[in-house]
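What follows is a set of structures to go through.
The following pair of complexes shares a single chain, chain A, combined with chain B in the former and chain C in the latter.
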Partner chain A sequence: MEESAIGLFDRVVAPLGTGFCYTIWLFLAASILSLLVGFFAGLIKNYRLPIIHYLITGYVTIVRGTPFLLVLFIIYYVLPFFNIMVSSFAAGVLALIIHEGAYITEIVCGGIESIDKGQLEASYALGLNYFQKMRYVILPQAIKIMLPPLAGQMVLLIKATSIVSLIGLVEVTRVGRQLAQRGENPFLVFALVGVFYFIICYPVIDVSDRLERRFSQKNND
Partner chain B sequence: MNYVFHWSIISRYSDYFYIALYNTFLLSVISIFLASIVGVVFAVIKTTGIRSLKMIARTYVVTIRSTPLLVQLYFIYFGLSYININIPSFWCGVLALTLNSGAYVAEIVRAGLESIPIGQIEASSALGLRKLQTMRYIILPQTLRKVIKPLTGQFTYLIKDTSILAAIGIYELTNTANIIHARTFRPIESFGIALACYLFLNLILMIGSKIIEQRVSLQK
Partner chain C sequence: MISNKVVEVNNIHKFFGKLHVLKKVSFSVYEGEVVVICGPSGSGKSTLVRCINGLEKISEGKIRVYNLQIDDPNTKSTKICKQIGMVFQEFNLFPHMTALDNIMLAPLKVKRISKAEAKDIAFNILKKVGILEQANKFPATLSGGQKQRVAIARALAMQPKLMLFDEPTSALDPEMISEVLDTMRDLAKEGMTMIIVSHEMGFAREVADNIIFFDEGNIIEQAPPKKFFENPENVRTKKFLSQIL
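Up next, the complex of A and B:
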């Protein structure tokens, strides 16, 4: 059966494009917020306040052993019991923050800890307070170390947005599934869906790999 | 707060959870085993192979790393039934997990292989070992020591990723917890037990990797 390219575009590509916009929105909201949460949680964990330190360590340990889908289900189905109604989009953003925030916390905390102790002592000797020390001495150096794993984490985050389709958010993977169930060629549909993710993920992976290689070369020299 | 706990649902539905735990365990073990084989094969191709094979390996790893597991799973699940190959969804899940994890394992093993100094290979050829023997007795044992930690991390991801197979209706932990939640309307209990099971499985993996790490380490 012959069919025009325009017909195929209307049936498959256009709905996928709409779904892709949702994926992007979800990614933007979740990435900005989880970076914020992870950054501050990492700083607090590094500061080693007695009880809060253990709370954050416990949070990171539990989340890192739990599948994202389970976190998502818990948020989506448990919150209504406490009279908090969440849309699937809001539940997705919240679950992504909780899940990815834990990993980012570890990256930030690890990055700060990797800075040489002499730098800390030198900034005390110079009479800098905590914020000055962080702002002018530690963070500028730590950012370089944190960048490759953070980029890798962002790739994991955008891939995790596909799972939010399982609570009914109509983003690109969900649209693909609907099209496949409607009888479109699943190879074509999911190859296209894959291309959407590929366009975003591949450049980030590439940059992250290059940065990592450059740092490891520098360390070996 | 108007949530009333009914922990009795766990004992009432314990059979379901046993089956779910068993399924998740089985999926994880089979996929870890197969992904290790796929990963080592592609890693060896990438380091020693012919240029065209290298290209295939590179394309495979890049494609898998840049797309979500769920999309790969749908590609296999809907794709296979579209061309009239009907395999149980359990094995679709294993296939997707294996291909997905295999790419990451390949990257880890490749990094491990490349970290072996060239002097080792030269020394073994000076001893008159053949290529396969060099691989088997010199390079792989040293690589194993280096890759155990990152591989454990990757397999932790794999165990967690088995939850995504709920999307194609496999009765593993997350899907079962969701079904029991739908029947009993008690999400905290049913998802809580699933969460505990995942932590338990990851604990087993961690202990296992510690034991292997101790057995292959040089310091006894």
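Up next, the complex of A and C:
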């Protein structure tokens, strides 16, 4: 049966576009919040405050050893037993924050620790306090080291948004599955889903590459 | 002319785990004095100067610099570092900042002076150490000697009363050493109080008021250059000098 491009757009592309917007929204909320969580947890872990350091290390170790799906199910299905009701969107975002936050904590902490000890000593010798040392000396150098793994982690986060469809969130992958189940051409549908993911992932990788190049160029000027 | 006591190191000990690095070390430095500390590698010379500005915490004893008790945990590092400048063997310049920004950072953020004033100080010091034309370059594009002169300028920008040098020429190519030593020589002539860990014996003979020979965490001998080089008392000092001269 011949069908018009407009018909295909209405039946396949438009719903996928709506799901894609939901994926972007999920990604933006989870990425901004997980970056904040990971960044502060990484800084605090690096500062080595006695009890908090061990709490953060415990959080990172547990989350890194747990599948994302399990974190998601615990939040969505277990929390209601304690009378904590969360919407599927909130559960999805929270699970992504907990999961990605742990990895970002490690990236931030590793980035700071990779800076040469001499930089810390020079900062001390000049009388800079902890925040000045971090703000002006350590972080500008550490961010360059953190950028590639952070970009990688953001790409993983984008892909992980597809898993939250399992608790009922109608993001782009779930829309694709629904369309395929309704009889649309699965090859076309999932190829389009792939294109949508590429549209978000590629700019993240590209921006990271550009920033990395800009930083290294600045240092070698 | 040598007058007030600036640094007083009194019976200090330093342990790294079980390793006893400094063993009951005592000495004093007077205003305007240049003290060169020499000795074999691993003898504790660098640890000693790092203890003077609190970069290493001492295990026992007392260190006073001007009116600051360095070993007192209540003495703020910011106060210490306003009085004491330090130059490292590996320069430790901030690679993401130009030479000028490296020099301006501490006066701006620690002393909180205006940007115009900090710039003025930085340009004057860069001129003094002979690298004014390198002001806007990043450390990666400077030679070793230039990097070390920027590091000296950075420490001087805080207008310290005492300068510590931890083997400032050890990481330099031979032809770069003289430019750094010239800068230090000029500082000595201006009356800057300096404690220098160095193997540059020619420089020590010419510039030092006192030379301390250090070995295995102890001061073996302390004497003015003439006596140190021509008539050392200790056998260990004689052996060291015969090996390096």
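The criterion applied here is as follows: the second predicted complex is superposed on the first by the 203 of 221 C-alpha atoms of A that agree within 3 Å, B and C clash if a C-alpha of one lies under 4 Å from a C-alpha of the other, contacts with A are read in each partner's own complex, and residues count from 1 in each chain.
FYI, a residue touches a chain if its C-beta (ideal position, glycine included) is under 8 Å from a C-beta of that chain, and two chains touch if they have at least 3 such contacts.
Keep in mind that this is a model prediction, so the values were computed, not measured.
In the superposed model, more residues of chain A are touched by B than by the other of chain B and chain C. Of the two partner chains, chain C is the only one that A:Gln141 touches; chain B does not reach it. In the superposed pair of complexes, A:Cys201 makes contact with chain B only, with no contact to chain C.
In the superposition on chain A, contact is made by A:Leu166 with chain B only, not with chain C. Applying the stated contact rule after C-alpha superposition, one finds that A:Phe187 touches chain B and leaves chain C untouched. In the superposition on chain A, A:Phe73 makes contact with chain B only, while chain C stays out of contact range. Contacts of A:Phe27 after superposition: neither chain B nor chain C is touched.
Once chain A of one complex is fitted onto chain A of the other, the partner contacts of A:Ile62 are limited to chain B, with no touch recorded for chain C. Of the two partner chains, neither chain B nor chain C is touched by A:Tyr103. Contact residues of chain C toward chain A in the complex are 53-55, 77-82, 84-86, 88, 90, 92-96, 105-106, 109-110, 137-138, 140-141, 154-155, 158. Those residues of chain A that touch chain C in the complex are listed here as 116, 118-119, 121-122, 124-129, 132, 136-137, 140-141, 215, 218-221. Across the complex, chain B meets chain A through its residues 1-3, 62-63, 65-72, 74-75, 78-79, 82, 156, 160-164, 166-167, 173-174, 177-178, 181, 187-188, 191, 194-195, 198-199, 202.
For chain A in complex with chain B, the touching residues are 62, 64-70, 73-74, 77-78, 81-83, 155, 158-163, 165-166, 173, 176-177, 180-181, 185-187, 189-191, 193-194, 197-198, 201-202, 205.
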